[in-house]
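Both complexes shown next keep subunit A, but they swap its partner, so subunit B is in the first and subunit C is in the second.
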Partner chain A sequence: MTATATERTSSRAEVRRPGRRNPAPYLFILPAVLVLALVFGYPLLTVIWDSFSVPQLLGTSSFGLDNYATVLTDPLFLKSLLNNLRLFLAVPILTIVAVPVAALLFERVRGWRIYQSIAFVPYVIAIPVVGIVFSYVLQRNGVLNDALHALRLDALVHDWLGDSGTAIWSVLFVIVWQQLGFGIVLFVARLSSLENSLIEAALLDRANWWQRFWNILIPHLATTIEFFFTLSLINMLSWVFNYVFVMTGGGPAQSTNVLEMLLYTYAFRDGLPNLAAALSVIVLLISLVLLAIQAAIRRRVERLEN
Partner chain B sequence: MKAVGTQAAKQIPMVILALIILLPLYFLVVNSLKTNAEFAASPLAFPTTVTFGAYKKALQGQGIGRLFLNSAVISVFSVFFATVFGALAAFALAKMDFRGRSWGLRLLLPLMVIPPIALLVPQFKVLSAAGLVNNPSSVILIYIGIMLPFTIYLLRNFFLSFPEEILESARLDGNGSLGTFWRVVLPLSGPSLLTASIVNFVFAWNELLISLVFLQSDNSRTLVVGLTIFQSRLSLNVPVLMAGLTIATIPVLLVYLFGQRFLVRGLLSGSGK
Partner chain C sequence: MRSNAPGSAFTRRGFLQSGLLAAGAMALPAVLAGCSQSAGKTGQKGALNVWWWGEQEAAGMKGWMNSTVAAYNKSGRDKLGQVKAVLQQSDTLYTAFRTAAAAKTGPDIQYFWGGTQALEDVWAGRVAPLDGALPKSLIERVPKDSRRETYWDGHQWGLPFYELNTAFAYNKKMFERAGLDPENPPTTWDDFIAALAALKKSGVTPFGAGFKDAYLGGWLVSYFGQQEFDSVEDAIAPFRGDVEYSGEKYFGWLDRVKELIDKGYFNDDVLSLDLYQGQQLFETGKAAITNSAQPQIVGFERELGSDTVGVMLAPVWGTGKLAKSFPGASQVLTMTSFSHKEDRSAKFLEYIREPAMMKAMYDACGAIAPDSKFDNAWLTSNTDKRMAELKTQMPSFWFQYYYPFPFENNGVTPAVQQLFQPGGTIAAGQKMLTDSISKWKKQQASEVRAYKKWELLK
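Up next, the complex of A and B:
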């Protein structure tokens, strides 16, 4: 919708302006293009090139798919990928919690302003700060276990971050804790564009809370939910390094290793930049596939809406 | 009776949620106001006497003042340039017609999903060849790059709805493109520029990986990186660590409280709605 509107205004502007060789737009985009070329463009080309370049003896190198083969057969690759997939579980949890909370805030549940402010605070705090605080909460002699002890729930006392069975789920909990506010605020903002008359009509029809929620709020939120879902999936794939680095460093026994952590290990601990390059390309390709799926879904939704 | 029941049904989940969010923050702040002995005795209790000794130690003994300054310089410069460069590009993409425009638009979203770590090795090679390791300008440059796609996306959405009539009358007054942009468009874009700046500031202040890799010397580090590295050393005195973490949180919290309403609007336009 917006896209077609823009095309139209710009073609009008074009008629007014003499000739297409106006240098002004290029001068406007020049600083951004230069920075992006330096920060993304050149490094991206280098990474793709390096991913196919296989180091041989005596500093020579050959070209081929060996780096990809090495990465894909590294047992740590599968282990890390599986952990990213486990973290994907945070996305439905975030959505299922954030949408009803947003609905309550939208209805101005008593104290909604304070609740909304509180919910967003974790999102602006640095991940290392969050991670360090939670280490003290979740460790063996941490606050959580103290509390369980005091409540005589000793059976539940557990080394949450130190046990390879629970560490990744503890990381997942912290991610949900921090990211929830973003979803809530996003959904509340979207709901604020809902026509009041729809709600009023539903109230006249004596629709109860769940009926209003399912038949009015959810359809209105559909595209925002889909946007949030895709964005969060990509986050769980490629923006979770900080949580893992600060809380577990990938341990215990690699049980919280994620693809980014493996990339960091290849590049800065093992000195294997070509393997890091191949893994980078793999991660980028998965992200692009997720983006393409989202674009396809959005096109279908828009066609259904029209 | 029924109304009271539903009020309770709505309050209970909100109160539980608020408690889960606030408890770790309570732990952070309350222990920064204790002595180490008192922390060891009971980490969840309220301090018997509130003391700011941990803050004093953090600022004096651990050089946190210096780290704070580094973070501030890096955040302010990167946010300033990302907003200026981003606004220029966004205006061209919204209101001007040129070859490659739609191509540029299509690149914005993919650029936003590239994980920073994927390109870190070549970035490091280029910038260390330029002698910029341990120099804040390396980190500032990469931050600007990471902020730009989002900034352009956000500001373009805003400029799209900028009235053509105002642009037209500025043109008739004899302004060139840059004059129109500088004298007419920017002064009317305060809230959007602020939204972009707030989001970018929070990113820059909190960023870990890039400054960890590029700023390796003790006096060039940022606050967040310094605290992450000192974490194990400071674990002997948890209140000092918590004081440091609180100091690191205050600026973003202030920016958030000041810009809350802009931020909500900004997030919304970022979602393409």
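Up next, the complex of A and C:
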């Protein structure tokens, strides 16, 4: 009888219609789903809806793709996108600097704890504070130029933020200065999970620092580097507003405008929230493309490893 | 147990149905709120919400507003509820209002910066006309030049709350040291250039300014950009599409600004400093002249003494009838289109325009109400007295309050900022100005239609 009952149960399970489920799990996750729907889903749907709504006079509106066409043909959109792409240069710089520094700290060089703390300090300072401080450092009569004067390097004195030729690179420098600590700490944390025996074996084999770095540490960090690289790229696309807003306001002559700044301009300066919504969707799509590229690279790497 | 019973199983369809039901329940308050809009425009009980701004440019206004509201509430003039005034932040003055207006739950009285910066919200349907709600006599007490800034489609939309006049503050002692007459500042362009040259020769920075935060552009175009205009019509004509924004009439001011830059009359770090930091160069004795709002110049006068601080208007270079105009503008209070307390809002606005209230406001923060019942005998500072005197001699006009704000943001600001850079050209500036108008026309078709409907108050 037991065997028959088991078979019957099993058979019932097999034929159970896919729609019929035990409700308990759904009920457990329902509050979380509702919160997520309210916090993320509703605003996202609203933004998407607004991006298709074209305001007319005295509060009326029509519906269509006009906002997208307007944004994509705005010369400032291209200019802003190019600046975001320029800021993408910060990502390889951050990675190339952070990985060896993390490797050195991992080797427990003398005073490594202090160095690690020092490297991380900029990251914990609020971005507006960093922006304001560097505004004073980099302005025409600021600290940096005063120091250059004092060192008799007057040829290098420059209006770093006031010249459209150098302003975006000055912003990039500040981003690298602040974000470097995050990369270092992330890589050190990953390296701390590395089996000591691997390093010890390499040392027994008389592997030098570079050989250990290149053949052991880098492969071990590969997925973390990939994560950090993608995350930083998305940050350079959608997380640099504070730097630009505080340090340059998008100027001079719109030379440091980035997509987020353009979004802010549409929404709050020009009173065009629907264009801002369309641009938000475009930025979201670009970020999703970056994530898709990362996923594709990961799949390819995994295939090669297998 | 019950959910396992046949016929009551928890299905995806059921899950979705439950979700829709929940969403419907969540939307119910909004639907009910929408229904309530059909109620009348007047007589609703509850707090009368006033969202205002002004403490930031007229320090002391908060104290005046609080005491005025307290006195009004105590007087029992409003039987249906109390007035609740909330000071807004500069950065969120517009966004907070627009967000609230979208939900139709915001203030009953809303403050705006004047002119088109208020009309944008009129055109978006968030503001109700004042005529009909406020007594005609009260509206007509406001000078026409002030009323005109928020008069559109045959209606008055904003009640000019206080004047925002701007001018140049100059240091009389620096003028004297440079061999200039400290009591007779230059009034023509040539005299102005000569004075700046003398000041520079004497070893001081002639003009202190900051342009990193982009505000300076709007001031410069308003000081110099209207000097070939013969009427206010000329200010809005390019935006209505009646004429091209081109030629000396519309571009001539760029040449004058470029001349000032090329001759080195500004501080060398204009693009590194914000507007207020540029003004501080004057306050700290590092620059001889700066541009500033009237209450700030009064502050300079109080701080540095009336024997040091003088006030002058922008020099005249143009030949238009508005070349010699008083740089006067007004910030406004409006009644919101979604309020159901129009009668109560009107009563409160009438109250703050009683002479005793206007005098109290001036005494508290130096803000001058544009109202024929404001008595110039109340003025206490030399700056205010001189400005009042100048105002009677010419029409008031402030270009910034007639052009659409994107023109400043996308045209004026970058056009002037690039002039401050090595290699900046007038031709590039001109292109930025015309491009910004084309862009605005493309992006804001509804505002272009509003401009076409704009019949100025005669």
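The criterion applied here is as follows: the second predicted complex is superposed on the first by the 262 of 306 C-alpha atoms of A that agree within 3 Å, B and C clash if a C-alpha of one lies under 4 Å from a C-alpha of the other, contacts with A are read in each partner's own complex, and residues count from 1 in each chain.
In the analysis below, a contact is a pair of C-beta atoms (placed from the backbone, for glycine too) under 8 Å apart; a residue touches a chain by one contact, two chains touch by 3 or more.
Predicted model, so just to flag it, every value in this text is computed and none were measured.
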First, second, both or neither for A:S53, with subunit B first and subunit C second: neither
Touched partner set for A:V121, first subunit B, second subunit C, both or neither: first
Subunit B versus subunit C as contact partner of A:V143, first or second or both or neither: first
First (subunit B), second (subunit C), both or neither touched by A:L263: first
Which superposed partner A:G271 touches (first subunit B, second subunit C, both, neither): second
Partner chain in contact with A:Y26 - subunit B first, subunit C second, else both or neither: both
First, second, both or neither for A:T248, with subunit B first and subunit C second: second
Of subunit C and subunit B, partner touching more subunit A residues: B
Residues of subunit A at both interfaces, subunit B in one complex, subunit C in the other: 20, 22, 26, 267-268, 273
Subunit B - residues contacting subunit A, complex: 6-7, 10-11, 13-14, 17-18, 20-25, 27-28, 43-44, 84-86, 88-89, 91-99, 101, 104, 109-111, 113-115, 117-123, 125-126, 141-142, 144-146, 148-149, 152, 160, 164, 176-178, 181, 202, 205-206, 208-209, 213, 224-225, 227-228, 231, 238, 241-242, 245, 248-249, 252-253, 255-257, 260, 263-265, 267-268, 271-273
Contacting residues of subunit A [partner subunit C, same complex]: 19-23, 26, 34, 55-60, 70, 73-76, 135, 139-142, 159, 161-164, 248-249, 251-254, 265, 267-273, 275
Subunit A to subunit B touching residues, read off their complex: 2, 5-6, 9-11, 13-14, 17, 20, 22, 24-29, 31-33, 35-36, 38-40, 42-44, 46-47, 50, 97, 100-101, 104, 107, 109-111, 115, 117-122, 124-130, 132-134, 136-137, 143, 146-147, 177, 180-182, 185-186, 188-190, 193, 209, 223-224, 227-228, 234, 237-239, 241-242, 245-246, 260, 263-264, 267-268, 273, 276-277, 280, 283-284, 287-288, 290-291
Of subunit C, residues touching subunit A in the complex: 3-4, 9-13, 15, 22, 94-95, 98, 120, 123-126, 211-214, 268-273, 405-406, 409-410, 413-415, 417-418, 420-422, 424, 432, 435, 439, 442-444, 446, 449-450
